[in-house]
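Heads up, the next two complexes both have subunit A, just with different partners, subunit B and then subunit C.
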Partner chain A sequence: MSPILLVAVPLLAAFLSILSKKLAPYLLLAVGVFNLVILFFIPLGFEIIGGFNQPLGINLLLDTYSKIALILINVLIIVIAFLNIGKYNKFSSILLLAMGGLNGLVLTNDLFNLFVFLEISGIAAYLITSSNKKPVKTFHYLILGAVGSSLFLFGVVILYSMFGTLNMVDMIQKIQITNNYKELILPFTLMFIGLGVEAKLLPFNSWVKGVLGKSNTLSGPMIGGVYAAAIGFVLGRYINNLFMFEGNLLIVVIALLALGILVGEAMAFSSTKVREILLFSSIAQASIVALLFVNGIVLWAVYYIVAAALSKTVLFLVINKATKEVGSDEISKLKGLFSNNLVVGVAFTLVTLSVMGLPLLVGFVVKLNFLTELAVNNQIWLIILILVASVVEGIYFVRMLVKLWYPEDNVISVKYNLSFKVVFVVIALILLTFGTYTAPLKNYDNTIDTIQEVVDNG
Partner chain B sequence: MIQYAAIILFVFGIYGLLTNRNIIKMIISLNIMEVGLFIFIISIGFSYDGIAPIITSASGSGLIYVDPLPQALVLTAIVIGVGTTALALAIAKSIHNKYNTFNLDEMEEEL
Partner chain C sequence: MKNILGLFVALLLGVFIILALDTSASFPEFGDIDLTERVSDEYLDGNNIDDVGSANIVTAIVVGYRGFDTLGEVTVLFISALGVALVFGGVPNKQNRLDLKFKPNFMLKTGSKIIFGFILVTSLYIIFHGHLSPGGGFPGGAMIASAILLLYLSDDKFRSNVKGFKLLEGIAGSLFVIIGLLGLVFATYFLQNFLPAGTVGEILSAGIIPIIYVLIGLKVGSEISGIVDNFLTEGESV
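Presenting the complex of A and B:
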C-alpha cells in the first residue's frame, strides 16, 4: 500500500463522479472510508514516486504527524458529507477534489508540489463557498487565495534559485550548511504570507468574514473545521522545520500573531451574530496555533488543532442549521434555541466549554499543557496574553450560551435529524473522554514531526 | 535584467488588483501578476549561452544547458492559473446574473 493512493483515488473518483450524479455522494463516502482503512495498512516513512530517489523526485512523507492530520481530515469530510446527503449532492465531486487536495497537502515533502495541492484544495474551497450563494464574497476569497498562493510560489522559486532543490529535507540540510539567515528573510516572508491567507492569520484574513459569516451546513464546517485544520498542520510543519524564524523577523511574526489573537477575541466579543462570534474565535485560534509552533510546541499544538476542528465542526453545524430555519444568526433571534433541543443543547454547551478550556474537557488539558511548556520557555508575556484572551473568550461564550438556553418570550423550533444529534453527541463525548482520561495523549512527544530527525540523520 | 521586468509586471498586477473595482479588470490584473511570476520563474533557469536541455550523441561535454526544471514548473503553474481564471470568470458571470453589473461599487449600493 502506498500513500499516493490517498491522493490518487479521490482525484480519480472526483472525475468518475461527474458521470453519475446520483451515485456521486455514495462514491464520496466509499472513497472516504477506503482512505481511512488503507491508512492503517500503509507503513510510516517516505514514499518515492516514479523511481526517482531523493532529492530528485517528488516524495511523500507519512509520519505520525501527517497520519493524525489525515485521519482527522478524512473522518470530518465523511461526517460532513454524510450529514449533507440530499441537500448538497452536486458538491460531491468538489468534496472529493478537496479530499485529494488536502491529503496531498499534508503528505507532500516537495515545495512546488505543496503549491499545486494548495491550488487544488483552494479551487475546491472557492467552489464549496459558492454554496453560500454570495458570489461577491466568493470572488473576494478567490482573489485573495490566488494572490496568496502566487506569493507562496514566488518564495519557493527564490529558494530554488538559491539552493537548487525543491525537496524540503534537502533544502533544510542545505540551509543549515550555508547558515545565512538574512538572505532567507524575503522568501520565508513571502511563503508565510501565502500560507497565512489560507490559515486565516491577521492581516491576510479579510475574506473570512464574508465566507464564514454567510456559511451553511456544508461550507461552515468544511472551511471553519477541515480546511483550518489541514492548513494548520501544513503551517506547523513549515514553521517548525523550514522557517525557523530568527531575529527581527521573529519579533514581527510574534507581534502579528499576538495581535491576531487580541483582535480576533475583541471582534468576537463585540459581535452580536453567532456565526461571526465563531469565525472571529477561529481567527484567534489560528493565531494561537501558529504561535505555539513558533515556540516549538508541536504535540500540544497538534492536539489543539484536532480539538478546534472537532469543536468548530459541531458549532458551525448547530448554528448554520438553526440559522437556515430561523432566517437570522442574531443571538437575539436565536434565543431559546436549546429549550426544545435538549440533546443538541447539552452537546453544544460541552463543546463550547471545551473551546473555552474548562476542566474535565480536552480544551483544558491542551491549554494547561501548552501554557506549562510556554512557562518552561520563559514566555511569560505570551502566557498572560493567552490567559487574557481565554477570559474574554469565556465571557462572550457564556453570554451566548445563556441566551441560547433561555427563551424568554421568543419561541423558535429547529428540528435536528437523528444523524446530526449522533454526530454532536459523539464529538462531545470524545472531548469529554480525552479531557478526563489523558494518558493516551501523553504517549507521544514533540518528535511526532520526524522531518528534523531525518535531516539530522541523513 | 529580465527579472526586473518580471517583478515590475508582478507589481503592476497587484496595483491593478488594489485599484480596480471592475471584476473583469481585476481578473485581468490577476493574470498580469501571474505572467510576471511565470517570467520570473523562467528567468531563474535561463543562461545566455545555454542550449536546449536535450542530450544527443552529438552534444559534447563542455556545453551549458538551460535549467529545464523551472520550465516544467511554469507549465504546471500556467495550467493552474488557467483553472483559477476560468473559475473566476464563472463566478463573475454569476455575479453579473445577480446584480446586472461588473462594478463592485454599484453592487454595494444594491446590497
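Presenting the complex of A and C:
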C-alpha cells in the first residue's frame, strides 16, 4: 500500500464522477471510506513518485503527524458529505477534488507540489463557498486566496533560486549549511502570508466574515472545520521545520498572532449573530494554533486543531441547519432553539464547553497542557493573553448558550434528522471521553513530526 | 483613503522585495548560478536523459520527474472548468448561443472551417511531438480549444458537442491516473515508466511520456472548449 493512493484515488474518482452525476455522491462516500481503511495499512515513511529518488523527483511523507491530519480530514469529509447527501449533490466532484487536494497538502514533502495542492484545494474551497449564493463574498475570497497563493509561489521561487531544490528535507539541510537566516526573511514572509490567508490569520482574513457568516450545512463545516484543520497542519509543519523566525521577525509574528487572538475574541464578544460568533472564535483559534507552533509546542497544537475541527463541525452544523429553517442567525431569533431539541442541545452545550476549556472535556486537557508548556518556555505574557481570551470566550459562549436554551413566547421548532443527531452525540462523546481519560493522548510527544529527525540523520 | 493605503502597502512590499533580494548573498545574479550544486544539473545528466528517453528536457521534467505536479495542474484546470460550469452552466439543452453583433457571411464560415482543420492537425502534431520538440499537451490542447473558439466566433449557429467534451475530459483524466497506478503495479512507484524508454529522438520513445501528453492534450483541449462554450451560451440557471 502506498500513500499516493490517498491522493490518486480521489482524483480518479473525481474525473469519473463527471460522467455520472447520480453516482457521484456515493462515489465520494466510497472513496472516503476506502481512504480511511487503507490509511491503517500504509507503512509510515517516505514514498517517492515516478521512481526518481529525492531530491530529483517528488516525494510524500507519511508520519504520525500527517496520519492524524489525514484521519481527521477524511472522517470529517465523509461525515459532512453524508449529512448533505441529496442537498448538495452537484458539489460531489468538488468535494472529491477537495479531499485529494487536502490529502496531498498534508502529505507532500515538496514545496512546488504543495503549491499545486494549495491551488486545487483553494479553488475547491471557492466553489464550495459558492453554495452560499453570495457571489460577491466568494469573489472576495477568491481574490484574496489567489493573491495569497501567488505570494506563496513567489516565496518558493526565491527559495528555489537560492538553494536549487524544491524538496523540503533537502532545502532544510542546505539552509542549515548556509546558516544565514536574515536572507530568508523575504521568502518566509511571502510564504507565511500565502498560508496565512487560508489559515485565517490576521490581517489576511477579511474574507472569513463574508464566507462563514453566510455559510450553510456544507460550506460552514467544510471551511470552518476541515479546511481550518488541514491548513493548520500545513502551517504547523512549515513553522516547525522550515520557517526560521528569529529576532525582530519573531517578535512581529508573535505580536501579529497575539493581536489575532485579541481581535478575534473581541469581535466575537461584540457580535449578536451566532455564525459570526463562531467564525470570530475560529479566527482566534487559528492564531492560537500558529502561536503554539511558533513556540515549538507541536503535540498539543495538533490536539488543539483536532478538537477545534470536531467542535466547529458540530457548532456550524447545528447553527446553519437552524438558521436555514428559522431564516436568521441572530441570537434573539434563535431563543429557545434547544428547548424542543434536548439531545442536540446537550451535545451543542458539551461541545461549546469543550471549546471554552471546561474540566472533564478535551478542550480543558489541551489548554492546561499547552499553558504548562508555555510556562516552561517562560512565555508569561502569552499565558496571560490566552487566559484573558478564555475568559472573554467563556462570557460570550455562556451568554449565547443561555439564550439558546430558554424559550420566549413564540417557540421555534427546528427538526434535526437522526443522522445529524448521531454525529453530534458521537463527537460530543469523543470530546468527553478524551477529556476524562487522557492517557492515550500522552502516548505521543513533539517528535510526531519527523522531518527534523530525517534532516539530522540524512 | 483605502486605495491610497493599498498603494502604500504595495509600494512598501515592492521596496522590501527589491532591497531584500539585492542584499542577499544566496540569491544569485542572473547567469551566475553554479549548476553543479543544484538539482537541475541532474536533469541535464546524459545518463538520466537516456533513462527517461525524452529528447525535450523540459518535457522530461514536466511529465517525467515532476509528473505528479502535472497531474495536479491538470486537476487545477479541471476544477476551474467545473467551477465555470457551476457558475455559468444552466439546464442542459436549454442554453442559447449569445448573439454575435454581425451576421457571419458564407466566406467567413467556410474559410474558418478550412482553417479549423489546419489548426487541429498542427495541434495534434505539437501534442504527439511533445517529447521531441517544444510543445506538448498543454499548448497543443490550448490550440485545439482555439480552433473551437474560431468556429464559435465565425458562425452564430455553431454549438460544439459539450457532452462529448465532458466524456473526453473525464476519460482522459481517468486514464492519466490509471497509467500512474499501473506504474505501481508493473513497476514499483506511482507514475513510474513501465514501458521501454527507446532511443532518444525517435517518435516512439520515452515510454509513458508521449501517452500521458496525448491524454493531457485531449483533456486540456476539451476542458477549455467546454469553458468557451460556457462563456458563449446563456440560459436559465438551475
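Operating definition for what follows: the second predicted complex is superposed on the first by the 457 of 458 C-alpha atoms of A that agree within 3 Å, B and C clash if a C-alpha of one lies under 4 Å from a C-alpha of the other, contacts with A are read in each partner's own complex, and residues count from 1 in each chain.
Just so it is clear, contacts are C-beta pairs under 8 Å (C-beta built on N, C-alpha and C of every residue); 3 or more make two chains touch, one makes a residue touch a chain.
Bear in mind that the values here come from a model prediction, so they are computed numbers and not experimental data.
Visitor: Let me test your reading of the model: by the given contact rule, A:127 touches which partner, first (subunit B), second (subunit C), both or neither?
Guide: Both partners, subunit B and subunit C.
Visitor: Does the superposition put A:46 against subunit B (first), subunit C (second), both, or neither?
Guide: In the superposition, A:46 contacts neither subunit B nor subunit C.
Visitor: Touching A:143, do we find subunit B (first), subunit C (second), both, or neither?
Guide: Touch partner of A:143: subunit B, not subunit C.
Visitor: Looking at subunit A, does subunit C or subunit B touch more of its residues?
Guide: Subunit A has more residues touched by C than by the other partner.
Visitor: Have a look at where A:153 lands relative to subunit B and subunit C in the superposition and call it first, second, both or neither.
Guide: A:153 sits against subunit B, while subunit C stays out of touch.
Visitor: Using the superposition on chain A described above, determine whether A:163 touches subunit B (first), subunit C (second), both, or neither.
Guide: It touches subunit C, and subunit B stays clear.
Visitor: Given the touch rule stated above, what does A:112 touch, subunit B (first), subunit C (second), both, or neither?
Guide: After superposing on A, A:112 lies in contact with both subunit B and subunit C.
Visitor: Which partner does A:269 contact after superposing on A: first (subunit B), second (subunit C), both, neither?
Guide: Touch status of A:269: no partner.
Visitor: Across the two complexes, what residues of subunit A are contacted by subunit B and by subunit C?
Guide: 112, 116, 119, 123, 126-127, 130, 135, 161, 166
Visitor: For subunit C, which residues are in contact with subunit A within the complex?
Guide: 16-17, 20-21, 23-28, 33, 37-40, 42-43, 48, 64-69, 71-73, 75-76, 78-80, 82-83, 86-87, 166-167, 169-171, 173-174, 176-178, 180-181, 183-184, 187-193, 238
Visitor: Under the stated contact criterion, what part of subunit A meets subunit C in this complex?
Guide: 2, 4, 8, 11-12, 14-16, 18-19, 47-52, 55-58, 90, 93-94, 97, 100-101, 104, 112-113, 116-117, 119-120, 123-124, 126-127, 130, 135, 158, 161-167, 170, 178, 180, 183, 185-186
Visitor: Spell out the part of subunit B that touches subunit A in their complex, as residue ranges.
Guide: So the residues of subunit B touching subunit A come out as 10, 14, 17, 23, 26, 30, 33-34, 37, 40-41, 44, 69-70, 73, 76-77, 80, 83-84, 87-88, 91-92, 94-95, 98-99, 104, 107.
Visitor: Where on subunit A is subunit B touching in the complex?
Guide: 112, 115-116, 119, 122-123, 126-127, 130, 135-136, 138-139, 142-143, 146-147, 150, 153-154, 157, 160-161, 166
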